[in-house]
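Just below sit the structures, each encoded as structure tokens.
One chain, chain A, appears in both complexes that follow, with chain B as partner in the first and chain C in the second.
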Partner chain A sequence: MSLARRNLFQDKTRLALSIGGVALAVMLILILKGFLTGMNRQITSYIDNSPGSIILAQEDVVNLLGATSLLPEGIIQKAETIRGVDEAIPILSQFVILDLHEKKQPAYMIGYDPKLGGGPWELISGSEPRSKREIVFDRIFADRHDLKLGDEVEVMGKDFTIVGLSSGTTSWMTSFFFVRKQDAEDLLLAPNATSFLLLTTSDGASLDDILRRLNNISGVNALTKKDMSANDIILFANIFSAPLKLMVGIAFLVGTMIVGLIIYTATVERQREYGVIKAIGAKNRFLYQIVVTQALFASIAGSALGILLANGAAQWIMSARPQFLIVFDPVDSVQALLAGLGMALIASIFPTRVMAGLAPAEVFRK
Partner chain B sequence: MIRLAFRNLFQNKVRLVISVGGVALALLLILSLDAIFTGVERQVTAYIEYSGADIWVSQADVRNMHMASSSLPDSVARKVKFVPGVASVSPILYLTNNVVAGDERNLAYIIGLPENTELGGPWDISSGRSLPAEGEAIINRGVAEKSGIALGDEVEILGDEFKVTGFSEGTASLVNSVAFISMKDFEEMRGSYDTISFLLVKVSDGESPEAVAARIQTQVRDVTAQTRNDFAAQERQVIKDMSTDVITIMNLIGFLIGLAVMALTVYTSTLSRRREYGMLKALGARNTDLYLTVLAQAILSVILGFLFGLALTLLLTIVIPIFGSNLVLEVSRISLLKVGSVSLVIAAISAMLPIRQIAGLDPAMVFRGR
Partner chain C sequence: MTNSSSQDETLQIAHVTKRYGSGSTEVTAVHDVSLTVSPGEIILIMGPSGSGKTTLLSMLGALLKPTEGAIQLNGTIISALAENRLPDIRLKQFGFIFQDFNLLSALTALENVAIVSELAGFKSGEARRKAASLLTELGLGERLNFLPEKLSGGEKQRVAIARALINDPALILADEPTANLDSKIGHEIMRLLRRIAKEQGRSVVIVSHDQRIKDIADRVLWLEDGEFKETVTMAIDPVCGMSVEREKAVSAEWEGEIFYFCARGCRDEFLNDPQKFLLTASQESSKKI
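This part shows the complex of A and B:
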């Protein structure tokens, strides 16, 4: 144990570089995962904060963000007659691409009636859109594009005035913005169209019963807000999971290589010493222990530093680019430490082979 | 000195493999992320590129398809047809929705096609019909395989049942696939009969698409007319603008990891050759010569790492689709240039670390047997 420690600590720069390398690899794994968790939280922010507990969509539509939904005419009245439904709030929503300062920015437009609800849940400044061609933008989104209250912004060829700034309504990929439902109808050339109904239910009413009754209406699909946000998360997770796995896999290999390099070099450099130890009767197992201990130390120290670095980097990224939300799950940190252990074990393979092939007599020949 | 760097590098094969491998993997991080986004750009523009249209006409100020909605009165088709230089026009209806087969839901561009259309239909049919009749759908083969759908089976789109009568190729991306149904079915499902989403235009022989697009733009009100190339470029720009920040962050991390690996390698190899460097100094070599050797060694390592990283990325571009993933990687020239420059910076910085070691080296050390 003490031999392993001395070997490792003899050259501080090398040790620092190896721990730093592993830390960077672990940091990358954690940031990627935290990034995905944060994105999941951001993409469901509208569903999580909108009024009601049930969302009524067009038949076969199970997502808010993934698909276009258009409800049959007269659906509000029909939904409100369903036993257990208190209030039906219509929204007309659609992704649009905004051209802001030569940059294409996908944004999710929510057309709503300010008297009924379904708009921004946290207004930082200004007011909700009350007149024609008024718009509420996300604060961070507006900031990124140097927009402020009173500025004009073009949406699908029409100029809108920013009358309010909302909070918690953006992500790196897209941002929510809010206009009056009538304006959304004009923009989409869809008079009286409704994409979704946000349904509030009476206290004590069974959600399952209400869902069953709603789903008897033809051409619609009723689901709880929880189910719809889960569907949106699955949709985006499907898109991002393959690239994410690839990146995490590469980061793991890089970490393993770094630990491997450092332990291998440390072992080869001390071949003579190990030969002496073997010559005076030490078993291979003892030497393996020395190698594995060194690898474990470098990996665990690197992983721990990686966790700290990831937290620091996340804070820095979120302050420099507020549209990113990076959320760490404690399970991810445990996984990172396990990844460190995995790196150590794999990295020990080469050096232990060097040890195994070491002839004790060699030391006396030189 | 270059010869010496070369020999230093190749003397210890395992260290060479680990260091080159480490740098290669770090560069692979940057290369593969770039390749993923370039691949997505190509995938999302596939439908536009293969539509057969020279010009795309959309609702005023709608400049792309992905994550966008376009609505035009069907009278626009008539007006555009009369614009000089227009050979034919073909409307399509479009929205994003799910193709449902059992428990499987696959997000798709749903395209409504007029009967016998020459533009906007599937461009590569692996089996079945090439255009959908009423009640029929043509879906992507990979999506069908994943969901266990055979020709003649039924899928649900927007609540209606459709019989799958054709499988198309090249119509799936990381994000979604493309499903084709008849325009009539599309209109019935939406309950709207007098609007279209986009108008696909073919220009007459000898006419330039740019000139005809400009003519449509000035002669027809409330539309945006773009050549196919411009329309596809706008689509690519959406992906580019969305991914810039992510790519920057990942590139920075990849760069730091590459730097750590390279610095570690150069440092350890210089350290292990202290005696040799001391000998060279004793024989009259200047510090600059030794620095150059270390630098040459670092540059050689990163060049090898870069080539290996590139080979790995190219291998991934072949291997990933074999496993049935819709993830397509495409290495662009810009990305190669960027990663090449990053590699050189890594080499230059990592070679600076052992400077102190070399400068402090005592030529007499070698005679003292240390």
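This part shows the complex of A and C:
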């Protein structure tokens, strides 16, 4: 028989509260972590889906989203002469503020040549911008602002017609939109300007060698897509990761306190019974096992429920607010279970101190 | 009761004192108390509230260490043992019976008893078999799987007695065992304890305010202000079965043994045919629990 289990199941309301408390805490932890993972994925979505394996930026520029880049004139031709480089795809990009329904909305403009690539990787309706003043918006972004194919939107004082809707090109912070490179040059008053080159490489060519050769060109910085993604994540992680991790920490603490408080009150309530067990001859170790078993049970059951709830809640959030991407990494679920175990062990500290402090002679006191 | 030799002693306490606090707040709960308990002996400790009964009982059960003096159990001075050795002594040498029964509310009657056996190292199955057998002997065979809340007061106390007996202890310590029982059930429980003590040779020390328990005791000790003030030795009238105080009773000697009676009538009846009453007493005491 397990006294811990019997004690735990005797008060089902308390057990439900305990499991529910941990479940909510674990759910919150997973949602926040999933949100962070989703945010990272959204941040790097353009780089991940754009052609090529190397990005050429202005000297000292290491981010796609976090910095303005302007490459030297004639860089396309120079880059294409580098051994191992197959093709150089130019883009002109810039954060802009759109005025949609009198609401300011930051968005990231990508000016590209539809014949070369570098535009939306998944069009769900319409087409790429083939003519002047045509624009492709993200579907979710368009929905949020009640925009549809054929509508006109003003970008930096010029009217554009929505000709296509893309998918996977938005986040809760901002959204990508795509225009022809010439239109972007017109908007930025920068004829023939290029922000970045997306470089494809020959099969079998060494990336390190190509990077070294590219970095010999004056005024440029060549990075692998992987490195630039990592830099963008670090840049945004610095902004958002700290508060999100703080919230994860708070959720962990709240969960721990819930289990701790419930196990503590359950222990105090049964103090006399535990005193009797101690008087009869049980060692403290036996009593500690009761507390830890109860805390572990509540935490593991709560964590498992929390994982299920987190999946349900994530689906609901993403359907209600599609701009939020919540991605669960299997490692996060394992970490959530470990967090549950951590909660159990920390939550056991005070109840075990109560047990340790029980004077067996007290059982004879009325 | 008869004086026992030191070899037969279950428990011996010598000049035990317990003080709480220090300086101006020092309180002496028990002062220079000595007592010897023999196997099978039932000792009743009575006294007013605050007289030190609970403190003395706690020290006897190795729940509390004396400030001075020594407590010896079956040759081992338990008052000198390290704290970490006491749980094992309590588990295997003592059986505790409490006023409020103090059963574990989440466990059934069977489990309440078996858990003590498990603590002593028995495997679950063996512990449950022992517990079931003991509870059945105590008349609770039909109540094995009942939670304490479904048991009557008398049944709860019998579960508590089974719990106290499961590890075959030398000494049973009972704190106000009849306080929460009506008089009939209380008397039944006390007779049960007496039978256990006499048939199994276990010593029993009872702390109580209940005067009726005197009937089953071999000795009654009066504790006041932490000291034993009076000792009353009890005896059973072989004719009517009444419990009588030896010091106040009518007595008679037959074949070198002294017998005590509640009144002259019983004594005279006994002396007319002593064999008749001694045979009856012998049959009574051989009844199984």
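Methods note: the second predicted complex is superposed on the first by the 363 of 366 C-alpha atoms of A that agree within 3 Å, B and C clash if a C-alpha of one lies under 4 Å from a C-alpha of the other, contacts with A are read in each partner's own complex, and residues count from 1 in each chain.
Throughout what follows, a residue touches a chain if its C-beta (ideal position, glycine included) is under 8 Å from a C-beta of that chain, and two chains touch if they have at least 3 such contacts.
Just so it is clear, the model here is predicted, and its values are computed rather than measured.
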Superposition on chain A - do chain B and chain C clash or fit: fit
Touching partner for A:Asp113 - first (chain B), second (chain C), both, neither: neither
Chain B versus chain C as contact partner of A:Leu189, first or second or both or neither: first
Greater chain A contact set [chain C / chain B]: B
First, second, both or neither for A:Arg272, with chain B first and chain C second: second
Touching partner for A:Met247 - first (chain B), second (chain C), both, neither: first
Apex chain A: angle to the C-alpha centres of chain B and chain C, given in degrees as a multiple of 10: 90
First, second, both or neither for A:Ile97, with chain B first and chain C second: first
Chain B versus chain C as contact partner of A:Asp143, first or second or both or neither: neither
First (chain B), second (chain C), both or neither touched by A:Phe286: second
CA minimum distance (chain B, chain C), superposed complexes, angstrom: 10
Set of chain A residues, in rising order, touched by both chain B and chain C: none
Residues of chain A that touch chain C when the two form their complex: 1, 3, 6-7, 9-10, 272-273, 276-283, 286, 359-361, 363-366
Residue ranges of chain B touching chain A (in the complex, touch as defined): 12, 14-15, 18-19, 21-22, 25-26, 28-29, 32-33, 36, 59-64, 67-69, 71, 73, 95-98, 100, 105, 107, 156-159, 174-175, 190-191, 195, 234, 237-238, 240-242, 245-246, 249-250, 253, 256-257, 260-261, 263-265, 267-268, 271-272, 316, 320, 325-327, 353
Interface residues, chain C side, partner chain A - complex: 54, 57-58, 61, 63-64, 84, 87-92, 94, 96, 98-99, 102, 104-107, 111, 114-116, 119-120, 124, 163, 175
Contact footprint of chain B on chain A as seen in their complex: 11, 13-14, 17-18, 20-21, 24-25, 27-28, 31, 58-63, 66-68, 70, 72-73, 94-97, 99, 103-106, 154, 156-157, 172-174, 188-190, 219, 235, 239, 242-243, 246-247, 250-251, 253-254, 257-258, 260-262, 264-265, 268-269, 317, 321, 323-324, 350
